[in-house]
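Quick notes on the structure that follows.
Letters are used for the chains, namely A, B, C and D, taken in the order the chains are written, and counting of residues starts over at 1 for each.
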Amino acid sequence: MLRYLTAGESHGSALTAILEGLPPNIEIRQEDFDNLLKKRLAGYGRGNRTKIESDKVEVLSGIVNGKTIGSPISIIIRNSDFENHKDYMAPFGAANVDIGRIDIPLPGHADLAGMIKYGFDNCRYVRERASARETAIRTAISVPARCFLKSKGISSLCMVESIGELKANINFDSSEEDLKRLLISNGDDFLTPDSDIIPKWKSLIDECKKQNQSLGGSGVVIFYNLPIGLGSYVEYDKRLDGKIAAAVMSIPAIKGVEIGNATELSKNRNNLVDKINYNKDKGFSRQSNYAGGLEGGMTNGQPLFVRFYMKPLPSNSKVESIDLITKKIAYPKYYRSDVQAVTSAAVVVESVIALEIASEMT
Amino acid sequence: MLRYLTAGESHGSALTAILEGLPPNIEIRQEDFDNLLKKRLAGYGRGNRTKIESDKVEVLSGIVNGKTIGSPISIIIRNSDFENHKDYMAPFGAANVDIGRIDIPLPGHADLAGMIKYGFDNCRYVRERASARETAIRTAISVPARCFLKSKGISSLCMVESIGELKANINFDSSEEDLKRLLISNGDDFLTPDSDIIPKWKSLIDECKKQNQSLGGSGVVIFYNLPIGLGSYVEYDKRLDGKIAAAVMSIPAIKGVEIGNATELSKNRNNLVDKINYNKDKGFSRQSNYAGGLEGGMTNGQPLFVRFYMKPLPSNSKVESIDLITKKIAYPKYYRSDVQAVTSAAVVVESVIALEIASEMT
Amino acid sequence: MLRYLTAGESHGSALTAILEGLPPNIEIRQEDFDNLLKKRLAGYGRGNRTKIESDKVEVLSGIVNGKTIGSPISIIIRNSDFENHKDYMAPFGAANVDIGRIDIPLPGHADLAGMIKYGFDNCRYVRERASARETAIRTAISVPARCFLKSKGISSLCMVESIGELKANINFDSSEEDLKRLLISNGDDFLTPDSDIIPKWKSLIDECKKQNQSLGGSGVVIFYNLPIGLGSYVEYDKRLDGKIAAAVMSIPAIKGVEIGNATELSKNRNNLVDKINYNKDKGFSRQSNYAGGLEGGMTNGQPLFVRFYMKPLPSNSKVESIDLITKKIAYPKYYRSDVQAVTSAAVVVESVIALEIASEMT
Amino acid sequence: MLRYLTAGESHGSALTAILEGLPPNIEIRQEDFDNLLKKRLAGYGRGNRTKIESDKVEVLSGIVNGKTIGSPISIIIRNSDFENHKDYMAPFGAANVDIGRIDIPLPGHADLAGMIKYGFDNCRYVRERASARETAIRTAISVPARCFLKSKGISSLCMVESIGELKANINFDSSEEDLKRLLISNGDDFLTPDSDIIPKWKSLIDECKKQNQSLGGSGVVIFYNLPIGLGSYVEYDKRLDGKIAAAVMSIPAIKGVEIGNATELSKNRNNLVDKINYNKDKGFSRQSNYAGGLEGGMTNGQPLFVRFYMKPLPSNSKVESIDLITKKIAYPKYYRSDVQAVTSAAVVVESVIALEIASEMT
């Protein structure tokens, strides 16, 4: 079983994470961290912050000479921009915390609820930690888990299926190799196997950018070659679908998750199940994957298929709110310019699922 | 924080549960258990098993004279039919376990994966525990949590939104009172506020029954009057949306979950967020509920709105499988006759969310 | 990893427990429960309650035909005496809860602190659950864990080392076989390998009984044939010594625990460690067991040696207290007549350690 | 509830920790970290390593301008000596890991068991993480918990009671103020209220140093002004004595723990309990503290009194072992020169208990 905690504020000095529970001798390279974080920062329509985020991981413990040693892995991503924020974010002796005040809560964010929960008089500290910036370190700490899965022959893909109302045309009966090839050739800006949708998404994003609008979307993550029997039916909280759903839904802006084609299946009356085959050499196999790789809360040998639904980021347009001091109608400051972050979300979803699966296998 | 464990096999002597963490002095009545379990067993198109399941809860501890006493609550539901199964299910001295063998795994169930995971040579013990029968005790153990929520002024509704391809017409802008009134007047057979859909669902279910088909569907659960700030953004696994998603997805046959109108929001580009109002007397409020009551992983004062998607039960039609002994194509025995169980699922979803919310509040 | 919860009040209808996490196919017999509970009830100087406690375990789930099936194991011990207490302990419709009031808290028990913590106006509900009666079900639920350990070739002993100021003369360099033989020949009344101490303990207990005094003591539990490497040093809460200490200290009246001869070692300056031998056939071994079988929070292949210290039961003599209603000095009602329960404690300590070790191995 | 994880190797680049669960607005100063770590490093008879360990804490998150903000607190202690070890400890591209090999396991350490558990071919990585160096970061991460307790009016003391066979003469009936005054006047080298014992301990340590021997000892930690009812009797693992025992026993070299005068009480037959007083203004109080502040697994309003027993460090003398390569008798390299670390242990014990108590209160 793995455990991990993350820490760090969006404009604080650093993000950190500790991951505990992986066995020794898993091979990991510095570039495994670098490449994944670069992928997370890519995405057409992402804002300027992504250029500030250089996101260089420093490994502090748990890995020696490119291999895990069984001890907790700790990592740090320094915020290269901290100098510009330390007057109100320094742990001790901040010059002027008041310049960091956020007096107009942003609807759709944690701002108002968080402020009330913790008794703050402005939204700064909520905004700092509730920010999706936290997913950078969560993505980074998935790297050792991903390398563990790789060492077991498990691979995975993440992709964007829709941005706004425009849905890509993806053939999910394609082989892993075909999907991988298409994803690579189409690049990290859109993370989709459907090259035809790309110009349409581009136009849509450009248009929304002009109008200060943002876009949601959906994506799919697939894990291949999982052993049969991860998770269990014996107790409700050991079911792997529950654990995966929790991990995916804990990502900011993700509001829906399904295993297999859940919404489609729910409308069907043909009782679609995955017929069982048997072959003397290969043992049992399935003829289809309606169940998305999970039956009875366990992996069944088919690819694990997870879809997520993301709401538009609540940040670009002018949205009516209330000034906490004057109690009058006011508009939150423009603070972020991502038109879409579905590409980024797809990477994060793959990351948190990798952590869950590795957790089941350790 | 609440903890609970459930135990029991579908044809074993009893189901039990222990729930730990509730404060003393919560009022509970025997009929609170009886009524809820009756509601779970209702549903047009449910099979004969529901008539066998009398589901009488006996409270063994933790409640004295109709009030909790702070100690763990334990309950038992005896299986009135155990006599007919004890030859192969008795804990000690079973007369003939072989008569209980299930040699043809049912695709769509835990059968095959569970058997492989645990090294069984047939599917009996998997079927016994992976059965949705377990949700009877999980529903029952939600009763003390529900009574706790009630004592805090929190109420809830559960309803069916679609069965198969037929979707009810529900006005979610209706007040709690209006929804409740419609639900009561339409009865527990369909658990829906839309009386017009009922005859259509009836026909559909009747038709599927004749054809030995089963139906999935979707449903909605709403909690009202939650305090602001349940859950937290500070660590990924404290976000309430993740916890709720885990609980809902741990229910057999549920394959999708969303908070608010996630799939709709994901397509939207109008940046729909819930504008903030302020009133000197009532404080902050919202103009809408696109977020489904959760922002930043916390309750925001609006009703919590959760939708679930359920696949058709994999049990009524003939489905190709493999005989574990002969390794030849074979067809699982007909074993259950529910055409739909979406009504039942709605009750269970409401139950597990009640447990999660109560857990946040204790 | 194992999880278990227990439930039940001392004078309620039943004690129950659920244990989750054991693999299938562990052999268990009904008499394994019966024999262990009988041993827990034995002990010279125990009171009349032990005659009321028939302590018959009924297995409700998780075991079929004498073998575990991987599902949660649930058990129940009905309180045969419940009829005499249900007027104030019935879950619903208790005839007269007031006759159960305990208005004079017993110092040394949970009474006063528990009452204040939970806001009760008398001590009944605290007394009911804080009672060492709970250890009956904890002992019972250790049986499947013990059977699991047995299936792995692991065995254990529990014994009393001292009662009051009288310490047995035990040669801990004796083999497991020799200790076992002595323990069996000396019987369950004193659970000690030293037959010479028995008449002295008898006199001491008899004398204390006359004077309405009670006695504490100490005992030792040893586990043999543990694999090397249970527990871990990688994170503080994975150290097995910590887990064992927690389990042992969670038993009522036990106030001290040590691994190996901790108090003796702490005084030593000869740097006593367990020298390492190597033999081509048998691999590494140790020349001694000063560490009590644990180094760096892990088993090291030597027997696990745990000593516990128990305070006298706070129940037999007149102890000054306060009447909750009059707020005047008063004396708690005599309610129990155990002069010593060190024998019983030794069985319980062995039980909770068995659960911890099995948890490490699953 | 608090959660924390620590990470870091003894000769790695840094130690880190993340602590999650504290409320906002707790006041913390940089010097709170500095002073506590300095105290942990003090102690007469400690070795040269303590001079290398400058132990400067950098706060990375969770604290802004001297106050907690509710978010996870993360800290880092850089190892100033890392340059000298990076050839075999660097996370990537270590120049020569072989120069770090430890081929002769040190008995009394985790070396051999850890190596076998994790499948290493030498003891380096076990030694790195199992080292008591880890307690530096655990001590540091207790600082926010200590500040939280301070904000609630809770204070604490830690002291050494015995070193080797020499026991200090401490009057535990002294007031907190008196004990504190004596501790301060006697200094951090011995952390004891008994000034008369100091010259004797000094001689003993000096003598042992010459003979390359090391010393164990015992110590006491007391917490004052705890609210009544922390912990609970309702479930075995909620008892505070168990949690405290686990925390204390998870510290390297600590092999015994007791609450109150457990070993003394166990020999007593006078049924010593803490009589209850009542005073109209002050409510309930106790006449004594035999129970060490815990009854029924809960705080009872009296000071919490915890004693620990530490074995001698297994490191100074020549101890017979086996060379892993030649399989012949060999002697571990001299690697550390602490004659005693009981002073340090006392600080760490106080730290982990502070974390447990704060966890109960959040």
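The working rule: a contact is a pair of C-beta atoms (placed from the backbone, for glycine too) under 8 Å apart; a residue touches a chain by one contact, two chains touch by 3 or more.
Quantities reported herein were computed from a predicted structural model and do not represent experimental measurements.
*Asks:* Since subunit B and subunit C are copies that touch, just let me know if over half of their interface numbering is common to both, same, or not, different.
*Replies:* Both copies, subunit B as well as subunit C, present the same residues to each other, with over half of the numbers appearing on both sides.
*Asks:* Identify the chain pair with more contacting C-beta pairs: A-B or A-D.
*Replies:* A-B
*Asks:* Please report how many Å separate the Cα centroid of subunit B from that of subunit D, as a whole number.
*Replies:* The separation of the two C-alpha centroids amounts to 47 Å.
*Asks:* Can you compute the centre-to-centre distance for subunit A and subunit D, using the mean CA position of each chain? Integer Å is fine.
*Replies:* Spacing between the chain centres: roughly 38 Å.
*Asks:* From the C-alpha centre of subunit A to that of subunit B, how far is it in Å?
*Replies:* 28
*Asks:* On subunit C, where are the residues touching two or more other chains?
*Replies:* 3, 5-6, 20, 70-72, 118, 129, 234-235
*Asks:* Hey, which residues of subunit D end up touching subunit B in the complex?
*Replies:* Contact set of subunit D toward subunit B: 1, 3, 20, 70-72, 234-235.
*Asks:* Can you name the residues of subunit B that touch subunit C in the complex?
*Replies:* It is residues 3-9, 12-18, 20, 23-25, 29-30, 59-66, 69-74, 76, 88-94, 97, 118-120, 125, 128-129 of subunit B that touch subunit C.
*Asks:* If we count contacts the way the header does, which residues on subunit D are in touch with subunit C in the complex?
*Replies:* Residues in contact with subunit C: 5-6, 105, 107-114, 116-118, 126, 129-130, 134, 138, 162, 164-165, 204, 208, 213-218, 228-229, 232-237, 239, 241-250, 252, 255-260, 262-263, 265-278, 280, 284, 286, 290-292, 295-301, 309-312, 314, 316-317, 319-322, 327, 352.
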